[in-house]
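Same chain, two partners: chain A is paired with chain B first, then with chain C.
What follows is the complex of A and B.
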């Protein structure tokens, strides 16, 4: 279960990055959440063969990573982790869609390859934006921001508990699985059956823990609602941040930024 | 008016599966007293603790806090009066940061603004954990978790502090730190533990539970000298009262 443990440490690192103190870290979480939402909507709303117009969108995660002094290599590795899923989703496209859409010199590019590349680029963009947001803001602040933007409180509570107890549950599961491994001596043990009972026990233990937590909450005067969190300020800087990025995304959505830049550079050439 | 702040009177509890966890438990705690409840595994310690803040209600008998019996109608009051520190701090620290966790109780009691900040800061200061305020609970060590768990309860200024195995799983330094902390509290305290050396230092009075009944109740030192009683209740003398392991004296 070393991999699970490693993944958890990684998750903790993402959270620790949010403790930084740069101008983008200090922005009200709502501003960052809003800008990221607009970004994601714009990116996913492009047509399936669009590729060149997507490229300029990389400016958003790149700018935030630079301004927040985040470790770019680490985040890129996280994005690469998701790449296999995107590839699995799009890999059949080149087989089915064989209409040639673009001629690059003697090379013919089919619609299938274009849409495949588009899927991969879109995944990279959205995942990079979401990870950057988390690394700049922290998971709990994002939840709070979503509540203040109108998400039902019950969802936020579920998410917060999930995040808090993910670590505890994964450690418990890891220990149980290691105990099983140590006594199965490289064989399969009783195979799936032993995993089933292991999972069952994990569920029961989680259940008992939930009961104890509820007891702890009641013991401290819990009556069904979480006390309101401290208020942040949605000031001029936040408004400017949201307006600037949203405007940029919408412009890039309506006009192909790469093409514009291309004409700008080559337009005067004969 | 007597000076008893907690009275347990002929308490009996039977679990739904028929296990009679408490048969007949009677004792009381005075203002400022430190009482240890000790006993073998399954003697009924945890069941007893769950009655103190009304998580379990008695089948017969009563738990009285400041002369008012604990029942469904006054659970809130009972829970504020009795501060419960759980066996596993992970059960108790459920908020995203230490600060919010310590603030959870006071906020539910209606504190806000500067008053709330002062209350949280004071509770954290008492357990020497001010520097942990912004941290997430899963980033704390076991000793830090334990101290913060105590702060979450202290912030509600309870009249009685109830602790379930507070030194469990702590390294010697963290254990020593915690013992110093407990000695400094002038609260009424009820502590259950298998760490009898800690009991010897922290509690002047000890109640011995065995199979759901109170087998002995008296000054800690006297009880720990009664070897026959301890053996019968599946306990043994604290290590500090046993002979030197080298020379046997």
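What follows is the complex of A and C.
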């Protein structure tokens, strides 16, 4: 996420995915938000050494990605790229936690490695769920869903404004940053002095833009809220969606699905 | 310093969500009362500005590394505390949804660490108090640097505390503190220098912009203190509940010290209920998972009967691995079937 332009392209691509028209895209956003929240809470509520019980949870992002016809490779790459903080902190676990928990033949696996693997799987699950939600729903719809679930209106306005002008400002910032890069030789010229005046100018232009926008909005009869384009309905499909996934997550939280399957398979082996 | 979902326990995440949601509600209510409708588009575009500014780096002389603006303090100076807080929170939300920076459960923590601390705590209680009405150059430098440092140190401290309270990472508290605080000393210095430079630039270019933050609408210190007290009680309540319910975190370390003699007695509340349910429903008790039985009992059996633990551990590990492979195959298969049926459903229409 180093360059502004790269981040912007990424953002646009994820945003465009939300324009799809499949059964999961058409679900009311509230249903998807609720199911994702239940999913994340169930995933993170496992103990720190849990690994195999986490694997069946991949069914949720995988099903949604497949049913929503999202590009799986792109989303997987995004999942792999993010959350360096979790990995960086998690990698310390094997160093500090050396209790041997699992014996696999002659191979001893310490609690540290187990919990590190658990952190990696958790990261993949929660990040994949969040990205899938965004790609299936779109940020505007998520905001509307959150308002109907109780988020204050003023904050929703802020989110919608930000989302509307994010692209414009990020492009402006990206252009300014590229211009500075082209004019500076290596590290010379990219110091604090030019950085501060770059940010300052960007800030001034931002401010002027806000003033122009405000006048334009007033001229068009702005009353303090955005009109909503469409009102979704929380119908039987939505209820079924939320109930099905929540029930599945709770069952998978209570029973270790992977291990039950494994005992079934190994139970028949001599 | 975004927190991540993977390092959080649900209790800590939910407690911080409650705190941040309270902050958002408070800030929104204050903004509605101010009735300045110029503020809405201004906050929106400044959020966009912050998003862009966080990705533009500058090189720090003599070190070979680079830094960038985080922006909580700068926005508070420009907009006043509640508007700045909402702006930072909205940027964090975009980052959580589109770049999965942090994550959805960790959003509460991140809004608190990066938004609430600089805008609602450090700015009104430290910056505004110390800066006075007409600061000299030297005073402005000192106060801005100190405030930025303080905000960063507090933010880093909260990251450490939240991680430790969640008990997912095995990093000891003191080592983690030693790792995080010095790094954020440097980051805080950078933040202070950038904030100062941008504010000085604006003072030269358009001094009237800098008057908004010090408008009489700023939150009085008492209100901020009271709300933070409420937050503290909320968090403390959440954390102590966590401590009594969840055997993984605190009791795990207690069990390690005490040799895990009375772990089963401690299992009350939700954790105990789940454990009991798991025990009742386990179809093959001899294959019960080592992870499900949690290290307390594993280390106990390791000290008393290493033979038994090896056998049980081996059996459950094999079952776990086989089950994992089978599950992965099933999930992949489901995906293929779904894709296929989707395509089949689309094909006749096309």
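Keep this in mind: the second predicted complex is superposed on the first by the 253 of 270 C-alpha atoms of A that agree within 3 Å, B and C clash if a C-alpha of one lies under 4 Å from a C-alpha of the other, contacts with A are read in each partner's own complex, and residues count from 1 in each chain.
Methods note: a residue touches a chain if its C-beta (ideal position, glycine included) is under 8 Å from a C-beta of that chain, and two chains touch if they have at least 3 such contacts.
Bear in mind that the values here come from a model prediction, so they are computed numbers and not experimental data.
When the two complexes are overlaid on their common chain A, residue A:161 makes contact with chain B and with chain C alike. Taking chain B and chain C in turn and counting the residues of chain A each one touches, the greater count comes from C. By the touch criterion defined above, A:97 lies against chain C but remains apart from chain B after alignment on the C-alpha atoms of chain A. In the superposition on chain A, contact is made by A:140 with chain B only, not with chain C. Legend: residue contacts after superposition of the two complexes on their common chain; A:74 is shown touching neither chain B nor chain C. Applying the stated contact rule after C-alpha superposition, one finds that A:222 touches each of chain B and chain C. In the superposed model, A:151 lies in contact with chain C only, and not with chain B. By the touch criterion defined above, A:207 lies against chain C but remains apart from chain B after alignment on the C-alpha atoms of chain A. In the three-chain superposition model, chain A touches both chain B and chain C at residues 15, 160-161, 163-164, 168, 209, 213, 217, 222.
For chain C in complex with chain A, the touching residues are 1-10, 13-14, 24-25, 27-29, 31-32, 37-38, 40-49, 51-53, 55-61, 66, 69, 86-87, 89-91, 93-94, 96-101, 103-105, 163, 167-172, 175-176, 193-194, 197-198, 200-202, 205-206, 209, 248, 274, 277-278, 281, 283-284, 287, 289-292, 294-295, 298-299, 302, 310, 313-314, 316-324, 326-328, 330-332, 334-336, 338-339, 342. On the chain A side of its complex with chain B, the touching residues are 12, 15, 19, 140, 160-161, 163-164, 167-168, 209, 212-213, 215-223, 227, 229.
The residues of chain B lying in touch with chain A in their complex are 50, 53, 55, 75-76, 79-80, 83-84, 86, 88, 90-92, 94-97, 100, 103-105, 107-109, 134, 136-139, 152-153, 156.
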